[in-house]
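In what follows, chain A forms one complex with chain B and a second complex with chain C.
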Partner chain A sequence: MTTTFARSLDEALTALAESAAAGAKPVVVSGGTLCVPAMVRGELDAADVVDLGRTGLNTLAVGSVIELGALVSYQQVISSPRVRAELPLLHRMASGITGGIQIRNQGTLVGALCAARPQSDALAVLVALQAEAVVVSASGTRTAPVADLLVSPGTTHLAADELVAGLRIPACLHGTGYVKLKFAESSWPVVTAAAVQDRVVLGGVAGTPQVVPLPSRREVRAAVVDHLDALPTEHRWADLRAPWAYRRRVAPEIAARAVELAEEAR
Partner chain B sequence: MMSAVNAAAADPARWPKRNAFEFAGGTAVFIDDVRPSVLLHMAVVRSSRAHARLRRVDTAQAKAVPGAVRVLEGREASLHLRPLPYQFGDPEMIGGRRIVLEALPVDEVRYVGEPIAIVAAESPRAARRAAAAVVVDYEDLPALLDARAFLADPDPIHVIAENEVVSGAADEVLRTAEHRFGAEFALGRSSTAPIEPRGYVAAWDGTRLTVHATHQQPHQLRTELAEVLDLPAHAIRVVVPNVGGAFGLKMTGPVEEPLVCLLSMLCGRPVKWIESRAECFLGGGREQLHQVEVAHAADGRLLALRDQVVIPVGAEAVSPGWRQAYVSTASFPTAYVVPHLDIRSRVVATNLPPWHSCRGFGKEAPVFVMERILDMVARRTGLDPAEVRRRNLLRPEDLPHRMASGYRMDSADLPTVLNRVLELDGGAEADGVGIAVEVTPEGGGHAGGRSRPGATPTVAAPEAAAVLLRSDGQVEVRTGVTNPGGGNDIALVRLAAGELGLSPDSIRLVQGDTDLCPPGTGNASSRGVAIGGAAVVLAARALADTVSRLGAGPLTESTIAELVVRYGPLEHVREYRPDPPEDLEYRYSYPYFSSGAYVARVDVDRATGRVRLRSLTAVHDCGRVIEPVLVEGQLHGAMAMGVGLALSEESRFDARGVLQASSFKEYLAPRANDLPDFVIGHHETRAPHTLLGAKGAGESGLGGALAAIANAVDDALARCGGREVTSIPLDPPTVLALLPEVDQ
Partner chain C sequence: MRLQVDGAHVQIDPDPEDTLVDVLRDELGSTAVRVGCRNGDCGTCTALVDGQCVKTCLVLAGRAEGARVETLASLGTETNPHPVQEAFLAEYAFQCGFCLPGMILSAVTLLADTPSPSDAEIRNALSGNLCRCTGYVNAVRAVRRAAAAR
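And then the complex of A and B:
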């Protein structure tokens, strides 16, 4: 295993390009709270590791669009008064992140995106906020809506030589709500719901976040039921914590609670 | 400015532990901090099959891995090791069959995770890499993974023990009673999950083996190693550093114990093995299925109970875990009078990892079953659950009480602890309220029943202590009791200090060293203070008598130093065992019963099945309370574990027998934010058969908490048309399945 402790984004991209050209599947580490333990346990076998820890991608800039780098931790999001004011949904999600003080200070939103886990705290919120990922490689930069980047559990539309350098999230000041169902303080989320304007986005019901348009705020449950019942079987998500049938039964209520919070925040 | 409350909290007299910060901050020396030079590291090759014949174990590639020093599979290991001895006595004593097991299997593997081969290497990483390079060729065999599969096809080949506890004529009463019902109860498999997993460092110097181990029972480990390694016991020294929790996991018996020693002897270098978290979660226990039939009177009195129990204990083993099944059966009908009783259990070997001892040691399951039954009787009679309990509880005048199993309940005041906990419970608003009464046999051997004619009477295991003067002016206490981290060291020091008229700062305690400490049982069965403390008191008193006869006046640093110069250390060793009961018709088992009553209040989210514990209140009776803070610490831990077992902790395996709950993200032990502040009251019914009047603290609380919570959830469900609670853990999918769907 080779590990590159890149001192700049360019160094990281060069290392990625070399590894990808050699046919390897390099692992990019931002906070490392998911992939480093997985490597220690032998669950993730990486020939090449590119660590972004020294690239300085930890800036959080708040304008009409909030821009945050690949190393921005949940704690930075929590501590930012501007994020609290202009992206209350993101702030709320980060404040309740699964894990203790170490995870809040080490874990990153970009890392959560690239891990693409259905049991993530963050993904439904990023999709609801219409976040865009800044995807870079040695050959160029592109932006992609987060929703388009997520393919299936653990898989993204990132090429082997690409990494996500940061996120751009349009401000969303009012009328948002977030509810997370988990089974104990230590548990990963089971079902998450992020409500924004005319839609609610559900995590933990399918391999990727599900956007449910809401024609009327009074018909949330029915809209969620229709959406879930139309989900192809192979996309329905279940893990050790709960079977699909449980998620199908509780998701309408979790969505309705998120929408209720959004109403209150109008 | 410090508030009055904070001032009280800061009073060192209230917080007696001296090394709490070292434990909490991780700066205390634990097993992984033991790092001798030229150390090798062991890794274990584990079976990926639930049940298979071993066709070939090929170690050639593993031996070629850089850094690998020695690779050993079953055939070669068996040339060096004798079969593993049974822990805690012959299996036949408790209705069990006998098996001969080697540390590493030669022909057959019996669960996913069973050690097949071991590696010693220059680094942990090299050891893991070499272990991964061992190639195993399996021939799969049929596997039994589920107790329900056994029930569907109860092949006796799987039954490793049968136990029955019978009194009266349950059949007839159940046939003719006017009020009767049946129910099935299930307890999930759970684990112990100490913050520090197992670990050993073995160092062979050519004549003597020194083993550092995070362990509960150093003397028992020494005995086992002597037998398996064919060494004289005096050639082995076991040393236990600080221990980060044990809860039964660290009793003698796991195969890694002799294996790490063997590698050290073969390599001539020290060898360390530190268990990974995933390996630690392989072990477990507590899983049971109960099919009960209950007859009761219209006034709520229990008339008869039949229970057919299946207890899947994982793969057959010589370590103590499977013996908890016996204790479960023998502990019926817990705190109550049941005139006609018929409990029959089948202990079933499955193709999951073998049970290890788990806090509760089988006593929690009968509490769950009995407390659910009493609530079911209350619902069917329309009586208050507390009143149903009062009508069935053993009363103080019934004690001592010989249970149907032969267990002898020494003393308790069960109606009073129940009434007191009902008073202490704050009555917070909640969706459901549940109560439970728990009795916990403690302090000794678990085999009950009548003695066989002509058999030598069994006696309680003793504890011993040595107390001596040191030339530096301190008093040294050496005990056979070990400290799993809960703080029994502080209690022992303060007992000695009290007898000698010294400050605790003048006492130096030595624990967990077979070269220095007198033999003892370490920490097990909640006997460290009640029995080990009595030995310390007797030895300290003997020393105080001697000092007094020598006319030395009150002990001080300088008088101690002078006495040592004139007379030597004046070492006094005393052994203590609880008074034997006079009735020799029965085998000697647990010398005392702790007891308690519990009230849980819960909210249940009807849309998700999520349970939130609002309050948990206990009145606990462990006889004389010697150190209230330490007793409450034990009780807090046991109650928290009970909460986990009731709501979220489960060792789950997939259809191939592969562990799924292999980290704290899947095995959901409660964190502080999952728990309310517990409210604890003490009631003291002094133990008639121990010197100090103390009983055990440590195991009790677990069964009571879990049963009270199960009853509280059941109460909440009943109020909204839900079905009855019959299983734990009550995770949200389980609870939601009990709720009517129309709720949404």
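And then the complex of A and C:
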């Protein structure tokens, strides 16, 4: 195992390019809360590791678009009055991240995106907010909607020499709601729902977040049921917390509550 | 690499896959961070790294080059405990003590930012720490007591 503790984004990209050119699939460490224990357990093939901890990608800039670096922690999001005012949906989600002060200090939105776990708090919210990822490699920069980066559980459309340097999220001041179902304080969510304008985005029901357009506020539950019933079997998500049938049963209610919150926030 | 641990400047040469908790314990002999789950769940490996309350089982050791690490051992002494430690003693908020690095340092971090926390804020702050002796109620009471004593 070789580990590069990059001191700049360029240094990280050079290490990634060299590793990818050698045919490896380097592991990029942002907050470390997911990938470090996975490496310790041997679940991640970590021949080459690029740790971003010293790259300084921890800036959070708030304008009409909120820009967050790859190292911006949930706590930075929670502590920012501007994020609270201009992205209340993101603020609410971050405030409910499991794991206490420590995980909120260490966990990052970019890490959650790249881990692509269906049970994540962050993914449905990022998709609902139409967040874009800034994807960089030694050969250039591209932006990609978060929804397009997510392929399947644990898999993204990132090449071996690419990393996500940050996120760009348009301000979304009013009319949003987030609700999640989980069984214990320290548990991952079972189902999440992020409501924005005329849609609700569900997490924990499929391999990737599901966008459900809402033809009418009164038809939330029916729209969710129709969407879930149309999901191909291979895309339905289940893990040790709940089988898919349970998720299908509770998701309409979780979605309806998120939409109610969004209406109250208007 | 060089770093500062509980006020002492140290030099170590970790393996690339070493986590900070392993270096603190195995190379530097600290028993004020402990190994529980290695998954970021239990909190007993908690230390302050450059002032941030973190779980050191989730940190690759090399990331801490040049950092200032403070463990529970730097907080107070047996004869002169930190007010939060004093409150935990007074409220019988621990039995075996395995959870104390996380419980105490989470409480210290909470009170630094929120001097008069609600019970919900206390529970939220402590939620990253597992207590094997089920002392959660007394731990909440202890943080409340420490806040009142400030």
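The rule is short, and it goes like this: the second predicted complex is superposed on the first by the 266 of 266 C-alpha atoms of A that agree within 3 Å, B and C clash if a C-alpha of one lies under 4 Å from a C-alpha of the other, contacts with A are read in each partner's own complex, and residues count from 1 in each chain.
Keep this in mind: a contact is a pair of C-beta atoms (placed from the backbone, for glycine too) under 8 Å apart; a residue touches a chain by one contact, two chains touch by 3 or more.
In this text the structure is predicted, and so the values were computed from the model without any measurement.
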| item | value |
| --- | --- |
| Which of chain B and chain C A:58 touches, first, second, both or neither | neither |
| Which superposed partner A:130 touches (first chain B, second chain C, both, neither) | neither |
| First (chain B), second (chain C), both or neither touched by A:197 | neither |
| Touching partner for A:14 - first (chain B), second (chain C), both, neither | neither |
| First, second, both or neither for A:246, with chain B first and chain C second | first |
| Most chain A residues touched (candidates chain B, chain C) | C |
| Touching partner for A:39 - first (chain B), second (chain C), both, neither | second |
| Touched partner set for A:187, first chain B, second chain C, both or neither | first |
| First (chain B), second (chain C), both or neither touched by A:254 | first |
| Partner chain in contact with A:5 - chain B first, chain C second, else both or neither | second |
| Chain C-contacting residues of chain A that also contact chain B | 41, 185-186 |
| In the complex, chain B residues that touch chain A | 128, 132, 276, 278, 607-610, 647-648, 652, 660-661, 664-666, 668-674, 731-733, 736, 741, 744 |
| Chain A residues touching chain C - in the complex, by the definition given at the top | 1-3, 5, 29, 31-33, 36-37, 39-41, 46, 49, 51, 53-54, 98-103, 105-106, 185-186 |
| Complex contacts: residues of chain A adjacent to chain B | 41-42, 181, 183-188, 190, 221, 240-243, 246, 249-250, 252-254 |
| Touch list for chain C against partner chain A, complex | 16-17, 19, 38-41, 43, 46, 52-55, 57-60, 62-63, 65, 102, 106, 109-110, 123-130 |
